[in-house]
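The structures come next, written out as structure tokens.
Note that chain A is present in both complexes that follow, paired respectively with chain B and with chain C.
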Partner chain A sequence: MIKAISLEFFKLRRKKIFLMITLFLGCEILWAFMSVSISLSRNPNSPVWESTLTTIASMNGLFLPIICAIVSSRICDMENKGNTWKLLISSNLNRKFIYAAKYICSGTLLLYGVVLQAFAITIFTITKSSTVIIPLSLIMRFIGSTMLASMVILALQQWITLAVKNQAFALCFGMIGGFLGIVSDFFPETVRRTVIWSYYTGLCPVKYYFTNGSLELIQQNLGLGMLTAVFLLIIIFYIAGSHHFSRQEI
Partner chain B sequence: MFKKSISAEWLKLRNSRIWLVLITLPVISILLGSINYYFNQGVLQNEWYSLWTQVSLFYGEFFLPILIAICCAYICRLEHMNKNWNIVMTSPVPIRSVFTTKLIIIAILIFIIQIFFLILYFIVGKILGLSSQIPSETIGWILRGWFASLSISAIQLRLSIQIKSFAAPIGISLCCVFIGLGMYIMEFGMFFPYSLLSIGMGVLSQEGLTIVENIQFFVMNILFTILFSSFAIYRLKTADI
Partner chain C sequence: MNTIVSTYNLSKYFNGICRVNEVNLTVYEGDIYGFLGPNGAGKSTTLKMLLGLIKPTKGNMVIFSKNFNKNRQLILSQTGSLIESPSYYEHLTGLENMRILQRLRNVSNKKVQEALHIVRLEKQQNKLVKHYSLGMKQRLGIAMALINFPKLLILDEPTNGLDPNGIREIRELIKSLPQRYGITVLISTHLLSEIEQIATSVGIINDGNLLFQGSMEQLKAKNKAYISIKTQDNNLAKKILLTEGYKFKQNNDRLIFEDLTDSHIAYLNKLFIGQSIDVIRIEEHRKSLEDIFLELTGKERSL
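What follows is the complex of A and B.
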């Protein structure tokens, strides 16, 4: 299994995928920081860490589904392009392992992006806030929640990418996801829970609340029910995708 | 020869079902934009103009540039498969025609999408009960949007010819969209093709362009289209495919 995963990274060594993720997230982070800076200059009393985390989380709703689609497509489509599926399948490697290796590889790439975001948030917030105390638990929870949301989307995205050879559909699906991710905050709570792309803000450790006509930032702890639901979704999408791929004619 | 090249490109798209992708994104933009308009009519009181701000924001700012990138990547997809570029390059067709044909096909596809978007905008406006006449500027926004999409198509086609991956040029397009947004805010929009689309479609500001701005808009688009098309043709002529 380790060999299968390292093989995936070996195939990506000249694909500049890390650079691509860095550039995408760089654009997002710059945009978010500009927005937070403007907001802080208007409301100097608003909490810096919380504002930055919520802004990044809501922008992740747009960016990360598209990045998930691109990463997943690049990892799976290289086999289509190189005509290497038959070679892979005929090697002494179970199809389920190939599927798992690709999923873990995509997840690791996303983790790199999320850690990069957390690092950038830390630097930005230290420069903006008066204290230098870093709320490690908040950052860790932000990384965890973003990764959980990404893993659900990646599981679904990888399934679609491998099921439909034409990558235009998978990328279009990712774009629609990104769109739903950004507009889902306007949906009612019950509808929002069914939209997996809204989980970036739904699982974020800080949330906006409207109280007495004003906007307030409140830290939230995720309930066991929500976490179980997310894990279940990951398992369902992953198993369905893996099962489909294992029986698919190559 | 040119006519045959165009029909060959159409032939490649014949059973592709790309139309599914092409119609889905405008439909979603219109649907969500109009829902948002419906629930915020108290604030959005400028009828057709307010509806345009809602439906065109995501379409013009994000979906259309990425849709162009998908079309460009798609139109080069067959050539990248099984080393088909070699067949294309050895066929008795000038390289200039190979590129121009692809650009024309994309222009036609984008034109169809724009008209489809306009029809949807009109239908939704009528369903929402907008009593006034549809503004004449709408035709200008649609046509200018299409014209701006030509320069983006030239850039994306240049990228898609070089990059074998389907997703990478789309990713680059997404990056450029955000750079374009920044350029637009800093008022350098006229110098970046992706911002020209926002300006042309009146996505963020519905104020009409002055005659000078209109001339500048068209000149910059023509310049970008010629420049990036030349880059692409030069690369096709000189690089080892």
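What follows is the complex of A and C.
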């Protein structure tokens, strides 16, 4: 299994995938920080950490589904392009291992992006408010929740990427997901829970709360039920995708 | 002789359409087995089943005297293959592509270099594969198949896209493999001339049915000569032949004889001249392998 994972990273040479993630998320981070800076200049009493985290989480709903689609597509499509499925499978590599290795590799790349975000948030917030102590647990929860949401999307995205050879479909699917991710905050909570791309804000440790006609930022603890549901979704999408891939004829 | 590959009633249906029908393939150790058939005959489907890329609808496969389904890992670890077109990562160099196979197959650096040397790619090994010519990609595919010097090498149309010089090189390479490395080769192609020059055993498949299987000698034995004689008066010649007890067929203006010895030909010639029948032509005809192939697969089909 470790061999399969290390091979996935080896195959990413010259793909410039880290650069792509860095640039893509760099744009998002800059956009979010500009937005937070404007907001802070209008409301100097707003909590800096909380507002930065919620802004990034909200924008992740747009950006990360697209990144998930691109990462998944680039990792899986190189096998289609080079006709290498038959090479891997006839070289005694278990299909389930290949599927798992690709999923773990995509997840690791996403983790790099999310850690990059957390690092940027920390630096930005310190520059905005040097007296504030770094809330490490909040940042860790932000990383965890963003990764959880990403792993659900990646599991679904990888299944689609491998099921439909035309990558335009998988990428469009990712973009539609991104669109749903950004607009889902306007939906009622019950609807929002069925839209997996909305989980970036849904699972975020800080959320907006409407009270007396004004917006407040409050910290939320995720219930066991919600976490179980998310893990179940990951397992369902992953197993369905892996099973489908294992039965495909090459 | 040890059997390396045996299939028993191997069949494959796609959407209810039979692509491979109860094929019983037998490949012996040290053979270069030519798997011959027109395009769409079921060659690649059969080879893919042997590599576990597709599941047979029916039948069993025994490779290295082991059931494929129960010993898949062991069998595949001793099998190299190049199916249809070469597989490669075009954004990586030739050597990096070999490194991937090296990790998958757990082989030494020495073997990587040896495989690259065999296909004469050592000087191009650090070039990106996307800059390789089709022939170089094909050679890289063969190097990847050879990387662990397997017991069984399965090559599906390995000379596709190669120029005449490249075809000759690959042919010489394949011919040398059983003797130099003890590799049994199963090679499929639709080019009869290729098989004629390298194969020791042949299987001919058409529309999913294995029509012939045997040694090259057995196939060539079908290549019987026949004699055709053309005379000035074929009707009189026929009467004489019947009274003499000769068996023959008439084909247009020729009288066709099978199994006719030289002394019989000389005798017939004398006989006709003695009866004042002018003999215009006595010709020996031999069926080419292509004729035999077309006879087996149906003449209306193109290769």
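Here is the rule we use: the second predicted complex is superposed on the first by the 248 of 250 C-alpha atoms of A that agree within 3 Å, B and C clash if a C-alpha of one lies under 4 Å from a C-alpha of the other, contacts with A are read in each partner's own complex, and residues count from 1 in each chain.
Please note the rule applied: a contact is a pair of C-beta atoms (placed from the backbone, for glycine too) under 8 Å apart; a residue touches a chain by one contact, two chains touch by 3 or more.
These numbers come from a predicted model, not from an experiment.
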item	value
First, second, both or neither for A:190, with chain B first and chain C second	neither
Which of chain B and chain C A:171 touches, first, second, both or neither	first
Partner chain(s) touched by A:77 [first = chain B, second = chain C, both, neither]	first
Contacts of A:15 with chain B and chain C, given as first, second, both or neither	both
Broader residue contact with chain A after superposition on the shared chain, chain B or chain C	B
Chain B versus chain C as contact partner of A:41, first or second or both or neither	neither
Touched partner set for A:221, first chain B, second chain C, both or neither	neither
First (chain B), second (chain C), both or neither touched by A:86	second
Those residues of chain A which chain B touches in one complex and chain C touches in the other	15, 78, 81, 83
Residues of chain A that touch chain B when the two form their complex	15, 20, 23-24, 27-28, 30-31, 62, 66-67, 69-70, 73-74, 77-78, 81, 83, 166-169, 171-172, 175-176, 178-179, 183, 186
Contact set on chain C toward chain A in their complex	48, 51-55, 72-73, 76-77, 79, 81, 83-92, 96, 99-101, 103-105, 144
Chain C-touching residues of chain A, taken from the complex the two chains share	3, 6-7, 10-11, 13-15, 78, 81-93, 249-250
Sites on chain B touched by chain A in the complex	16-18, 20-21, 24-25, 28-29, 32, 36, 58, 62-63, 66, 70, 73-74, 77, 80-82, 164-168, 170-171, 174-175, 178-179, 181-182
